[in-house]
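What follows is subunit A paired twice: with subunit B in the first complex and subunit C in the second.
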Partner chain A sequence: MEEERHTEAKIGAETGRGSSPRGPGCSLRHFACEQNLLSRPDGSASFLQGDTSVLAGVYGPAEVKVSKEIFNKATLEVILRPKIGLPGVAEKSRERLIRNTCEAVVLGTLHPRTSITVVLQVVSDAGSGAQLLACCLNAACMALVDAGVPMRALFCGVTCALDSDGTLVLDPTSKREKEARAVLTFALDNVERKLLMSSTKGLFSDAELQQCLAAAQAASQHVFRFYRESLQRRYSKS
Partner chain B sequence: MKETPLSNCERRFLLRAIEEKKRLDGRQTYDYRNIRISFGTDYGCCIVELGKTRVLGQVSCELVAPKLNRATEGILFFNLELSQMAAPAFEPGRQSDLLVKLNRLLERCLRNSKCIDTESLCVVAGEKVWQIRVDLHLLNHDGNIIDAASVAAIVALCHFRRPDVSVQGDEVTLYTPEERDPVPLSIHHMPICVSFAFFQQGTYLLVDPNEREERVMDGLLVIAMNKHREICTIQSSGGIMLLKDQVLRCSKIAGVKVAEITELIQKALENDQKVRKEGGKFGFAESIANQRITAFKMEKASIDTSDVEEKAEEIIAEAEPPSEVVSKPVLWTPGTAQIGEGVENSWGDLEDSEKEDDDEGGSDEAIILDSIKMDTGIEVSDIGSQDAPIILSDSEEEEMIILEPDKNPKKIRTQTISVKQEKAPNKKPVKRRKKKRAAN
Partner chain C sequence: MAAGFKTVEPLEYYRRFLKENCRPDGRELGEFRTTTVNIGSISTADGSALVKLGNTTVICGVKAEFAAPPTDAPDKGYVVPNVDLPPLCSSRFRSGPPGEEAQVASQFIADVIENSQIIQKEDLCISPGKLAWVLYCDLICLDYDGNILDACTFALLAALKNVQLPEVTINGETALAEVNLKKKSYLNIRTHPVATSFAVFDDTLLIVDPTGEEEHLATGTLTIVMDEEGKLCCLHKPGGSGLTGAKLQDCMSRAVTRHKEVKKLMDEVIKSIKPK
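This part shows the complex of A and B:
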């Protein structure tokens, strides 16, 4: 009897790894983050979220090219590099979304005529766009914090998916994301929990949008708590 | 961003230290930095750390048509990328000399040494072969990119599994990983590059130079070798003259280093395979050292979303409903219909200016025209005759009226043209005047 239960649990663990079945309630998959792991950039962070992982490096505030100089604020650049092949249109569009989010929180006016460069490298991609975007946002935020770039707030990315029957799933696996009717990715700030960026795909009603947003806000608390705890650990003496 | 130059005193300090057989990181002359290999969750993905130098390798495959002159051989493709993350001086999307040199060396080390059996990658001769693509991304540059990249490439290739295919008559079946276990590539041997830096015209030698040492070195010798002590490629750069004995000594050292590294690679591969077989946790998440204070993990967290619906309802209830706009479709002429009221056209002036451009054949002239208008205005006021400015302003006002969106666009066109015709004779003398002024 005892043994049987043991094997059962083992099988559960095995099947659970590939496509983790979720309960009816929503949950976020495991997070892991390591900061300051690269020696050359001013700030760096690697962020793992489920099967997706992104490495971010930040240079700045540093010298800026004359052609890109902005006289009253810092020039923010975001470069996203795919794992296989050369960057394409999808990467450019994500770069833009991330840049706009960062520009909203980075206090660029404190460093006029400088450049802040965020380089993101996809390390492992479970094959879903929305999750990758959320992970990129989290990695970028942690790297900016590591680099000591002044920001008015922290930000995080949260993904929601709506199934064909209208159930809401937070942080969907790539399989669920493919089956979903709509996938929404939000970037939220930690001070007022307001929306910084949203990227949506598929059909949904306004009520569903508000539901997703409220769920994302609830999930963002967990992400921000994770940020806080990891930074506390980092700056602790022990 | 430009690279920070190395100051003369730093340079002298480094060279003096090397003369005294000392290295800045405390290594001995022949010491290699620590190598750490970690694997990702998917096959063919690895990160290799050589000291602080870090390279990410990823292998992918694709079925393609073979090259015409090699109908039965698969295609191997290497691509090393120097990301800006690695060092600020690397610019994205630019093929620098260094990058070309490294890519070429990597190709010679891995493709030309025939370490991978390309014939086993053939599916249907002359029609379909596997193309194996090795992407290498430099994540952090702390010297000796080529050694780290060659290790990453061979580790990723050894770790990679391609989907199984079967050929029955004319039918080719590609199996998913669930149907049949993916198959590894057949690898004959593992060539690994070892770099030697030379200083003071070859008097001093260092194994595995770091970034600072690379900056002050005179020459570099790269030897690619496998564990059977067969040299796969050898390259000397920097323009130093090496003696036969020096090259032989280097090849002996390379043999020792390659044996050590190969053993390490095999151990890492075995370890990963064992973990995968046992169904344990693998991937980069497991390779993050948990005891480091810069790293932090959080297990799966459930989130209470029970009040989400209420919240959403609240927000929607509070929000003002969008103003009801009932639009009736209007049929203007057969084939042209309009839905909604539309807003007043604010594009009128732009369209007109475009027309002007078209008429005059260039925007430059339009700008000139503007400046002329201003010029004439100033001049006229300078002269002080009171009649002239009134006429000018009249003509301008006429233009202003035209610019506003009018009810019948046809009329506008005729008006603009007429205005232009009126203006045309005026313009030329003015222009000449301006040129004269410029000459003065």
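This part shows the complex of A and C:
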């Protein structure tokens, strides 16, 4: 029986956003992660970011239905359950985004004709769509690591919002997200900080996109450092 | 002999062409397939358009109906898109409830409408709190050969430009709506979002307007929706291989050129319609 490892990281405070028109507020809110808290899935993780929290469980590599099996790689499946109500079209769209991101990093060719299922349950959600997607991505990555699924890189989700005057805000609160002109969510890998997935809402220009991408790449460093620290802490004591 | 090689090693077959900077159907890496658009073909719909991108065919029909406006926004109407991928268009789709591909496409079109503000929802309101228009936009794919998102966006735009709504007045005494079918007006289309899709091959090469086979072999896809001022309504990259900022920049410039091509085609078609 492995002990639970609870790790917290306080990176930056929520106050003090950059108020100058071109200054990025490079502070992320408090986030926490807990691994191996469920007994049945092969890997599980709970990721808390600000006031959004997602619980992820990974089953795999496991048996796959003949209709779904792929002869040379693993079949990845993502199930996202919202906090209230039945899953709808928006959940299906997010499942597709998360699944394709995981497929890009998971080494499926090592486990052909098997299935790897990632189940995400939204535990608390402050009504923010983009923040939820980033939290789901982080939880999915931590759960895949906990399950021991071979991956070529880790990935993380970062959200940024653009105000009507062009101010860039990383990791916005849900109130800020609603008032923003555009909200962009990116998934970045930790090897070369390349863009794996992007989902945007609202209108923005090309230059603003490059700016947001650069800020997200800088912020992803914090998240990857947190992943590394939390795993170090977990394995150093056992 | 080439057909045998293509069946056995489809990826290698494609790589041979990509090395010469072209594709099996003769296109260059940045070239779109022939785009055809036909407006107003469905007489029973309030607006319609048929778009063909090579072999991919999508038809869009818009029907306008009455509805009560939402309580939290009493001066707004509704635009309800729905993308249907029937078993007719490709053997991979079965009949029954919409599959994942159709749901993702529907969500994408809904996001494009929402983000680009193509129609101001306030324009659809007839009487605040009581009556508003709801536009049901049904996009049906008739032939699936890749790049469904570009075709759907174009078909939606063309159909909305073709929609004519009759004038509605609320009778003060009876409080009922009176529809004057003889007096129709076009919708106020504020922006023209145009989608450009790319497929990523082997983590490095980007090709524009992938066909069905190319999408299957690709390691990732990217769709950029741009309006006429160069503003992006949507950057849809559902996972797949990573891209650097520089590659994104190249995609943006291609999207800008594509927008000009599509706008020109649209203007020609609109002009050619004889006024009723």
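Just so we're on the same page, the second predicted complex is superposed on the first by the 213 of 238 C-alpha atoms of A that agree within 3 Å, B and C clash if a C-alpha of one lies under 4 Å from a C-alpha of the other, contacts with A are read in each partner's own complex, and residues count from 1 in each chain.
Everything below uses one rule, namely that contacts are C-beta pairs under 8 Å (C-beta built on N, C-alpha and C of every residue); 3 or more make two chains touch, one makes a residue touch a chain.
Since the structure is predicted, the reported quantities are computational estimates derived from the model, not experimental observations.
Taken together through their common subunit A, the two structures put subunit B and subunit C in a clash.
Comparing subunit B with subunit C, the partner in contact with more residues of subunit A is B. Once chain A of one complex is fitted onto chain A of the other, the partner contacts of A:L110 are absent, as it touches neither subunit B nor subunit C. Of the two partner chains placed by superposition, subunit B and subunit C are both touched by A:A214.
Of the two partner chains placed by the overlay, only subunit C lies in contact with A:A187; subunit B stays clear of it. With both structures placed on the common chain, the touch criterion links A:L28 to subunit B but leaves subunit C unconnected. In the superposition on chain A, contact is made by A:S230 with subunit B only, not with subunit C. In the overlay built on the shared chain, the residue A:L196 is in contact with subunit C alone; subunit B does not reach it. In the superposition on chain A, contact is made by A:D206 with both subunit B and subunit C. The contact surfaces that subunit B and subunit C form on subunit A in the two complexes overlap at residues 206, 210, 213-214.
On the subunit A side of its complex with subunit B, the touching residues are 10, 13-14, 17, 23, 25-41, 44, 46, 48, 51, 53, 55, 57, 59, 62-63, 79, 81, 83-85, 115, 117, 119, 121, 123-124, 168, 170, 206-208, 210-211, 213-215, 218-219, 222, 226, 229-230, 233-234, 236. Considering their complex, residues 1-2, 40-42, 45, 47, 52, 54, 56, 58, 60, 81, 83-88, 92, 133, 135, 137, 139-142, 279, 281, 283-285, 288, 292-305, 307-309, 311-313, 315-316 of subunit B touch subunit A. Those residues of subunit C that touch subunit A in the complex are listed here as 100, 103-104, 106-108, 111, 114-117, 219-220, 227, 230-245, 248-249, 252. Note for the complex: subunit A touches subunit C at residues 89-90, 92-93, 95-104, 184, 187-189, 192, 194-206, 209-210, 213-214.
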